[in-house]
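Please go over the structures that come below.
Below, subunit A partners subunit B and then partners subunit C, in two separate complexes.
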Partner chain A sequence: MDLFLQTLLNGLLIGGVIATFTIGFQLTFGVLHVIDFAVGGWVVLGGYLAYYMAAELGLDGFLAIPVAFVLFGVIGYLIGPVLYNVRNSRTARPELMALALTFGLFTLLRGGMLTAWGFNTHSVPTALSGESLSIGPVIVPLIRVAAAAFAVAIAGGLFVFLYRTRYGLAIRATAESRQNAALMGVNIHRLSANVYGLYAGITAMAGVLMGAIYSVNPEVGLRYTLFAFFVAVLAGLGSVGGALVAALLLGVIEAFVSTYVGSSYSLLAIFATLFLVLLVSPRGILQRGL
Partner chain B sequence: MFTSTRGFSRRRFLGGSAFALAAGALGMPFIRTARAQVPTFKAGVITSLSGDNILGGNLTKRGYDLWADAINAKGGVEVGGDRFKVEMFYGDDQSNPATGADAAERLIVQNEVDVLFGPYTSGSTIAVQPICQKYQVPMISGSAESPNVWKAKPEFNFGIIPAVDTTAGKSLAVLVKISNPTAKTIAVISVNEPFSKETGEGFRDGAKKAGLDLVAYELVPAEGDLTPVISKIAALKPDIVAVGGHEEPLINVVKTSKSLDFRPKALIMHYGVTDPAFAQALAADANGTCGVAVWLPSVPYKDDLFGTAKEFAEIAKKKSGHEPDYTEAACAASGLVFGDAIKRLGKKPALKPENRVALKDAIAETDIHTFYGPIKFEKDGNHYHDNIQPVPVLIQIQDGKTVAVGPKDAAAAALTYPLPTWK
Partner chain C sequence: MKSRLASLVLLIAAIVVLALLPALVNNYWLRIATGALMWAGLACSWNMLGGYAGYINFGQSAFFGLGAYTSALLMGDPLGLPFFATIPAGIVVTAIFAIIIGAPTLRLRGAYFAIATWAFAEVLTQFVNVVGFTGGIGGLNLPPFLDERFFYFTMFAAAVLTYLVTWALFERSRFGLKVKALRDHEPAAEAMGINTALVKLQTFVLSAVTASVFGSIFAYWVTFINPKSVFGGDITDQMVVMVLLGGLGSLWGPAIGGVGLFVINRLLWMNWGDTAFYIAILGAAIVLVVLFLPNGIAGLFAKRPAESATVLDKAVDKLVGNGEGGHS
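Then we have the complex of A and B:
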């Protein structure tokens, strides 16, 4: 029973960790209609920022979270219009062109990080790194709790922003129909820049946590991109709420299969779940995807 | 802008530029011819210069380059009283075996290399072997520790580092012998990829020989989260946890164990612990982790090119800023094997196809002593063409430094056992 409870907690926390970098990915797809392969790049950049703030300035990794949001938010804001123009260009298959652009951006980020910071693996120290809490027989890793809380807070914050503000209404309107939103006076171009900036900022913040939980090197970005994509497909592309549910589901499946069946079957179980959900509910687990 | 004041008119500038360009263009073929008249040995390096194994890939490259720089500084490889410099060509396997095979073919066909220096990973090495066989080009591997690399008896491939099945089990036996109270149980975790898996198997088989009770053997995907498997193992309370993997998963094992407040009496890993990046990434949490090394700067070996092991370490540190580990040393020693074989063969560059086959035969007869230790390749059995001469040393990170803790005659410090609980 002790192991069961620990496994359940582990699964929920793994889900929470995955959700941190998937939520922004969903938002971008929902509004810009772009599958952003660069997501892993933003995660790793956030991790590097935190690592260097800790190594050079002696600051706690958590202090990098707001800096990551502002810095990468601005960079994302500048990149957003480029992505929007490519996605809405009159060339054949603009969706594929946008995909290629984000893939190229990811390659550029990865190569840039390799050139700038080398290939060594680093770790982000935080006040909660390695700290845990015992609740009866269950050990609670606090850094993962922080990541899960971050995911819930971001999802909640986005929910409030999207459903309780006028700008959120404009974003939702744009996600539903760009043309109609534009006819209603929404500046789609600027909105795209804002959304991509918001997404890059959120994802880089998640990267700080990833660097504290796991480790940072330029090559781990691809892994985050793949997981974000798995979760997004399971959630239904574009569904922010679905991303949280799907990430938790995948985390719990991974934990239980690893513990009770064998770690080598965990990815198989994840793919099988993905396949079944796509078969039964192509619009994702909550039927809210595009 | 370019007007006339000091006789420097636009016309003269353009004219001069055109002349310089024309002279450069005309001169280039002559420069090329002049360079081509000095024959050099061409050596191809295939390794992971991008992808998941980039850290190890660069370690191997660094080692091969150290030899090339050292030998070229001496005027080159000696053949029949003359010296010929070595020109290095690089192929990136992108941490993908199939790409490694393509890169090897490119180095052989396009760059016409005389010899190959092998990849960092065993998977890429196995993928490149058929290419070496097809084109009959010898490959000396300064990494690639999987026993599967040698089981297929590769005719053109030679390995400097002993396969993990000969080192993992032996070092585990040393750990058990010097542990006090004596360790009784073990759990093995390995990442599901060739080298790491075979390291895990080496630990698993070695555990049986060392009389340990194997309570868990877990294969984990490289992309997976380690909390479930660490929680499962923590519940079984093994005395020793042994891990097969490369740098990043090794770091994550320590971080995850600490986050779950689990610390076995001993934690032993294989490759990666000896790389200074491991201790740097984990800071104080790296202390206590054991590893296996087949070479340390403190070993009592020397040769004519690098001097003693300590002197080699100083040269390497001067170049990279890091203390070299055994892979870097073995890669540098790969060059010594080539230099010795070509000297005995007595063939000048560029090697003809039949000379490359003869070079392979000469490498097979290697019996030298280097700063890395003795090098002699097996002629039969499961470790065909592997150099299993080096004796593994059990190391432990203590106060951020790698120190030898066993076997007794190699120990520079006492083993910290059992490990204290996490602070």
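Then we have the complex of A and C:
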């Protein structure tokens, strides 16, 4: 029973962190109509930033969070318009071309990181690493609690921004109908750049947290891309609220399979679930559809 | 007519040179040529679905791996079947998998299909990793057969057959027109009376089976396979890049992209060893091609601009009133 509770809690905490970047992923799809393969790349880059700040400058891993947001926010802001142009270009199949572009970006990031930093795995040291918190019989690493708390704050902030501000309204309107939003005076081009920047920044912050909880190497990016896809499929592409639920579910599934079956089966379980959901209900279990 | 004659002469010349190649070069370069032919064929197999039908398959390595593993298991210890008997077996196994996977997933629109195929390939890889009879991560050994010429000619025959089938089916038949029609506008194709579900499935199975044949030959050729070497995502990555580079939906594009990229890969390997740099180059190549050369290298030589779906799309969107005016 203790193990059960502990597994559940661990899963929920990780799910919280996953939720931060999958919400951004969904937002990007809603606004840009692009499935971003590169999502895992941004997560890993955030982790590496934190690792190098700690290793080279001796700074605490948590200090990398704001740096990651600003740095990758700017990079995302610059990439966003490129994606937008490809997605809305006059080539024969802009949808596939945009997919290919993010796929290429992901491959480029992965190859670049492997070339520059090799296959070694690094962990990100923080003030909380190694500490743990016991609630009754359940022992939880403090870093996971902090990361989840931080993730909840980011996700909460994002929801307030989306649902309580005028700019958030513009983003939601664009996600619903680009044409109508444009007719109402939303500058879709600039909004796309902003959304991709926001998303890349948030994703890199989540990467810092993931690097502190697990560890970071260039090959794990694929895993995070899979997470984002899983959540997107379960929630329905573009659904922001559903992403939160699906991310928590993903964290719990992963924790339980790792604990009770074996960690080599966790990816198999996630992929199998993803595949089944796609077959049974291609528009997502928590349907909102496209 | 004149240019047609010229290209026919060029084609025959290329085939003659390729047929005489074993007499001209040493074994080292013959191995590279064998690999180049394999990649040209694999790229073509991906292009059948990706280029002609417009469905991006991120799990094509699954079918390559299925062919390789079927051959390896059947040629292995208890059965010890002859190599050429295992190719049809691989085709049957792959076709069964492709139908089971394709029938439901091909209903999904573009992006979902891409994710579904990717997930399928990963499930299969993880499965092969953990179950016993496939040898797990350790992989399988095949009976060694070290005749470079045999593999060169087998690969050559497979590649020629692949391109011949592609040319006949996709460039010169009603079937090809159906496939292109559904790529350009699926609802319109359906309204014309094309059974799009069936046509898509046929294309998917053909594409899968082709990859499986190359997988079988590859396994026998390298005599040792493991999940990473035949199911790895890098295999699909390369096919995608080769087709994009060569020209999506063109007959010769995949051959140009496949041979070109494979030779670059080998040159890099000769100079710097097995390098992660190649992955970065693949990525950069995709990005650059998408941004600056959306019709690939073959598009540069096309006499008229490659057929663009947008005109048709726009006209039909007007008729059926597709709200966003997009492709969703």
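Throughout what follows, the second predicted complex is superposed on the first by the 256 of 290 C-alpha atoms of A that agree within 3 Å, B and C clash if a C-alpha of one lies under 4 Å from a C-alpha of the other, contacts with A are read in each partner's own complex, and residues count from 1 in each chain.
Just so it is clear, a residue touches a chain if its C-beta (ideal position, glycine included) is under 8 Å from a C-beta of that chain, and two chains touch if they have at least 3 such contacts.
Everything quoted here is computed from the prediction, not taken from an experiment.
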| item | value |
| --- | --- |
| First (subunit B), second (subunit C), both or neither touched by A:Phe103 | second |
| Touching partner for A:Phe229 - first (subunit B), second (subunit C), both, neither | second |
| Partner chain(s) touched by A:His33 [first = subunit B, second = subunit C, both, neither] | second |
| Which superposed partner A:Arg178 touches (first subunit B, second subunit C, both, neither) | second |
| Contacts of A:Asn120 with subunit B and subunit C, given as first, second, both or neither | first |
| Touching partner for A:Leu274 - first (subunit B), second (subunit C), both, neither | second |
| Touching partner for A:Arg93 - first (subunit B), second (subunit C), both, neither | second |
| First (subunit B), second (subunit C), both or neither touched by A:Gly112 | second |
| Subunit B/subunit C common contact set on subunit A | 114, 119, 226, 264, 267 |
| Contacting residues of subunit A [partner subunit C, same complex] | 33, 35, 82, 86, 89-97, 99-101, 103-112, 114-115, 118-119, 177-179, 222, 226, 229, 232-233, 237, 264-265, 267-268, 271-272, 274-275, 278-279, 282, 290 |
| Interfacial residue positions of subunit A with respect to subunit B in the complex | 2-3, 6-7, 10-11, 13-14, 17, 114, 119-123, 125, 129-132, 134, 139, 141-144, 213-215, 217-220, 223, 226-227, 251, 254-256, 258-259, 262-264, 266-267 |
| Subunit C residues touching subunit A - in the complex, by the definition given at the top | 50, 54, 56, 58, 104-105, 107-108, 110-112, 114-116, 118-120, 122-123, 126-127, 129-130, 183, 233, 237, 240-241, 244, 248, 275-287, 289-291, 294-295, 306-310, 323-328 |
| Parts of subunit B lying in touch with subunit A, wherever the complex brings them together | 50-52, 54-55, 57-58, 95, 192, 218-221, 223-225, 227-229, 231-232, 234-235, 247-248, 251-252, 255, 258-262, 277, 280-283, 285, 422 |
